[in-house]
Amino acid sequence: MSPQQLRIGVAGLGRMGKRHAMNFHAFTPRAHVVAASTPDETERKWAADNLEGVKIYADYDEMLEKEDLQAVVVASVTAAHAEQTLKAIEKGYHVLCEKPLSIDVQIAQSVVKAYTKSLQSHPSQKVMCGFSRRFDSSYREAHERMARGDHGKPVVFRSQTADLLDTSGFFVEYAKTSGGIFVDCSIHDIDLMLWFFGEDCKIKSLQAVGVTAVHHGLEASGDRDNAIATIEFYGGRIASLYCSRMMAAGQEDTTEIICERGSLRVNMQGRKNHFEIHDSLGVRRELPQHYYERFREAFVTEAQEFTASCLEDKPAPIPLQSSVTAVAIGQALQRSLVSGEKIFFDENGLKI
Amino acid sequence: MSPQQLRIGVAGLGRMGKRHAMNFHAFTPRAHVVAASTPDETERKWAADNLEGVKIYADYDEMLEKEDLQAVVVASVTAAHAEQTLKAIEKGYHVLCEKPLSIDVQIAQSVVKAYTKSLQSHPSQKVMCGFSRRFDSSYREAHERMARGDHGKPVVFRSQTADLLDTSGFFVEYAKTSGGIFVDCSIHDIDLMLWFFGEDCKIKSLQAVGVTAVHHGLEASGDRDNAIATIEFYGGRIASLYCSRMMAAGQEDTTEIICERGSLRVNMQGRKNHFEIHDSLGVRRELPQHYYERFREAFVTEAQEFTASCLEDKPAPIPLQSSVTAVAIGQALQRSLVSGEKIFFDENGLKI
Amino acid sequence: MSPQQLRIGVAGLGRMGKRHAMNFHAFTPRAHVVAASTPDETERKWAADNLEGVKIYADYDEMLEKEDLQAVVVASVTAAHAEQTLKAIEKGYHVLCEKPLSIDVQIAQSVVKAYTKSLQSHPSQKVMCGFSRRFDSSYREAHERMARGDHGKPVVFRSQTADLLDTSGFFVEYAKTSGGIFVDCSIHDIDLMLWFFGEDCKIKSLQAVGVTAVHHGLEASGDRDNAIATIEFYGGRIASLYCSRMMAAGQEDTTEIICERGSLRVNMQGRKNHFEIHDSLGVRRELPQHYYERFREAFVTEAQEFTASCLEDKPAPIPLQSSVTAVAIGQALQRSLVSGEKIFFDENGLKI
Amino acid sequence: MSPQQLRIGVAGLGRMGKRHAMNFHAFTPRAHVVAASTPDETERKWAADNLEGVKIYADYDEMLEKEDLQAVVVASVTAAHAEQTLKAIEKGYHVLCEKPLSIDVQIAQSVVKAYTKSLQSHPSQKVMCGFSRRFDSSYREAHERMARGDHGKPVVFRSQTADLLDTSGFFVEYAKTSGGIFVDCSIHDIDLMLWFFGEDCKIKSLQAVGVTAVHHGLEASGDRDNAIATIEFYGGRIASLYCSRMMAAGQEDTTEIICERGSLRVNMQGRKNHFEIHDSLGVRRELPQHYYERFREAFVTEAQEFTASCLEDKPAPIPLQSSVTAVAIGQALQRSLVSGEKIFFDENGLKI
């Protein structure tokens, strides 16, 4: 084990940026957050108060130029992900980029291309998109059990990402740039699907339907607040994804992998913690209220394992191409959601 | 309350016929099973041993002719359902017919037509198809809560019928006459969907995909062992149905009705009874092994309520047309399952 | 299987009497309720409306004298249990008596004595006290697993009977004749303890503590609304019992049998049915509201199995002496509850 | 918030010492582990590899003498707790001592006395015994709900600490110095009892029974592998504690606080994570295998909150006297466990 710490710069200190910065700064012993950048003054103020010893920049490029880094964590607004990642790749830095690389597949693919090229001169460089569920202990246990093969091959994959109802108008505003519910929410389920069915699984058909039940402004952005997708694979596998923006009790992200002789379930009995109350309403428990409450530990593990993979020159935990494929599938589903059309592919992945 | 008992004849004493016969004979105080018919000698032997005081016939027509009945319970093979029901309708008898009326929509619809006509001369006659889940206390509680409107309108309906894996070849043999997995299994979920979304809900599109993972002989009958359907309704509602013939732990029939401000769940934590075991494998419980183990009580309630509706001339618990619509939807899904095509309907229910 | 039906008279048509009468009348095909008796006019009116074909008496003795019965179900007030049972025993009838035989051990033991004597002239006579939990499928599964020995010997028995809070004053009134919370509630747990640890297990010590938290009138009857007992057995076994009259969510009767290599749990995740609701309060389910809602099916099984044991001359499902021992233990605990003293016994069951 | 870090020395690097050291070193941003001491060479080797920048001592006294510390974490063998804590108190340092202070009440009380005296010259000094469950989010939620008073006063407290069966002989060896199962395991439940019932609650009586079912060597140390305690309080409250060394499925620490109008439950449906498996054995989940797997997060929170209380001169999260009272209760229960006697106290806490 190398005693040395990985020198990291963090780009973006918004909601997710703050969390990533703290996870690397305070909870990843082998990482050293050297610098952070954000154009937002309030966020820089927060950094001054919370990231002791970390140099704060208003400009990402300036940070890259002035600091001697080994890795960059890109946690800025989605629109900046690809560009900031590309710049860090160019410098030969390792990159952990918040998901998605881009809501545009072509742009996302261009990052993979740049990384592939950069590997020639920097063979140890790691570039990874942060799909947090792959670091969650429950998903990992499910994956290990499947991989062990005790239950036969996986046949049906069912997964959902369902957010707590928020009536503030947030989702409507957010939909303008999110890429749509399949690119924003279901992208996690798609990533898991690729992980469980194999990165090389080939889609035969997909289609989606959806409704706008409570957030009526979503229609204007071609989005919906509830949607269901069906995906069919060559080789005899099917998947069903559900996404929602109106869960009444809390965040409910569930997954089932139904194999030939057993099935693996994650979070089918959601709970915030180990507390339960009995009163005149019956027996009740609470759910996590948002994604981070459910997956906080997974994000810390992600920070620690990304750091270890850089320091020890081990493969990054998630292949970069997979994260682009996930966006491509999300986009195709979003198109089907709006058009109603079922889309068929040949075995080379080309639309029929 | 009328002190008199309903005089009943039971047609068919196979697996379900025996259960219906016993439920009316032994557990429905207001019913009197007068006679039963079956062409099968072993079944008649069973009846002689178990249905004390009940006259046993080898021929259904002879039973109808000789016995003074008020109601007939049709529980014979599916292929005989429609014909036997029609004959009983003609005699002016009440009929409880096991689901489905027929796996052919035209035939099923002809029963409704005959019943409608018969009502002119027998205005108190009840004809009902036995969809047992509507008599299950958990589904009823879900329906009452939805109807009360506390949680807003239902938006998404998700439901599954999943049978225990049976490697004896039963499912392959059965598929030859079952009408397919959507007509045989999902028909229950479709019936619930009509109950929860309203008998008058109008389908906008539907499609299905499926695989044959373990029962390879199913392909020959145009069937699959796992299938997923998506259904879209006019007015902003969507549904997802899953059916399977390979559950490893037991029968797993679950339903979720996601409303605008709450969701109603049935059987999401399946269990056979209140027993749980802790040992070196962890904490475990068992599931019901088959449909009847899960819904036995509902079948008894069905017998009792059908009997009461006849004796007291109250509306039958389930409208007959609804059961034909369910078959029509099941058949359309089965077609989509095989063809891969997504089917669109206009608001009059015509294919586009 | 005998085609003949057991001719039964029911004594008492109060809350439990009505249930027993209906269970034998409507749901036990091999039983024929010939007659029923109750001094209460309203109850006789109920019987006239609900027990078709059953002869109704105001006087128990008259029923015994005039009817040709084979068995009597004693479901009258507790104070009459022993006397009515004794009279039926004298006539050579089978008896199913609601628990307890008596709240006085001497009286209860006198019934056993009379039964033992009667067996000399009526060797097929069955007399049994109705401890319903022994007929519950979950407890039976637990007992079978224990008996199979897979988990080693049972070491610790923990069990509770906990009633829904009732602020009407019922419990205070009831306590005047109930024999106290250990004789009335925990008697079920004590019966299970004897079943799981063996009818011949020998108590080494016992003690109890309790409080009166909400039903303050209980103190006047030497009773409490919450109590905890500890019982120690010769041979290395211990038990803990909890009883309560103030559960907020519903009836909560749970049992754990902790064996050397595994533990068996009944009802640790209580639920009324398979329905669950998700709303802004979280995820919740309801509990049964009273004992009968939880154990209704067990009472029906009890009726059926008692009937079968009489008709087929098989041993009664529960040995009568065990039911007297249960009362003796309940009374000793009730004494300890009031005095605070810990009571020690030698191996012959004598107080030290 | 103070930007400064608390300078900490850790005493002891055994099983718990390593965990505490890492929690302060890597996961408590406001703490700076300056030094650590252990007489064990293997542990010092571990420290050299894992505690980068931390000075390692073989001798505790030498560490105290040479290092400029502000706080000491005592995580050595139980026998050294009191002495090392006393030495740190003398230096005016803050102390977090692993539970228990001592298995001897007199010694434990002497630490409180020394601390009380030291406070005169060091009014900001914090000395706390680490009862980790008070930092667990589920217990905290239960406590908040109780404190809010929505459910009325707490009446019955039931709690258990139950370890996974370990057949290596560990428990027998450990029992020689552990103080017994009530002092070692139930001490946590006792601590919670004091927290939920109030630090000033007064015991009226207590008694315990136990058995040695699988670890027969325990008898020699006056210990048992399963034990049940009952505690009665002045003012109308009762408690039942269960402890075990032979759970087959894993660590099972559960607590119920039954209030007048509702009850609060922690961990009644134990689970290791959110994963569940369905196979031919049924539906199953795993439990944590040991105490730390269940409470790891609570230990990190403990480290962070102890650090914050020192830096910000806020009251320590747990009053020191309470931890001595817990040992006193544990010892009394252990005495009753061996003697079988029920012990009564007057309102001044004196034995009657």
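The letters A, B, C and D name the chains in turn, as written, and every chain counts its residues from 1.
By definition in this document, a contact is a pair of C-beta atoms (placed from the backbone, for glycine too) under 8 Å apart; a residue touches a chain by one contact, two chains touch by 3 or more.
Owing to the predicted nature of the structure, the values given are computational and were not obtained by experimental measurement.
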Smallest count of steps, each to a touching chain, taking chain A to chain D: 1
Which of C-D and B-D has more C-beta pairs touching across its chains: C-D
Centroid comparison with chain B (C-alpha atoms), farthest chain: D
Chain centre separation in whole Å, for chain C relative to chain B (CA means): 38
Length of the line joining the C-alpha centres of chain B and chain D, rounded to whole Å: 57
Approximate Å spacing (C-alpha centroids) for the pair chain C, chain D: 42
Junction residues of chain C, two or more chains touched: 151, 247-249, 261-263, 268-270, 278-280
Contact footprint of chain A on chain B as seen in their complex: 151, 153, 155-156, 158, 165, 205, 207-214, 226-228, 230, 232, 236-238, 240, 242, 244, 246-249, 258-263, 268-269, 340-342, 344
Sites on chain B touched by chain C in the complex: 1, 3, 25-27, 29, 49, 52, 136-139, 141-142, 145, 150-151, 261-270, 273-280
In the complex, chain A residues that touch chain C: 247-250, 252, 270-271, 278-287
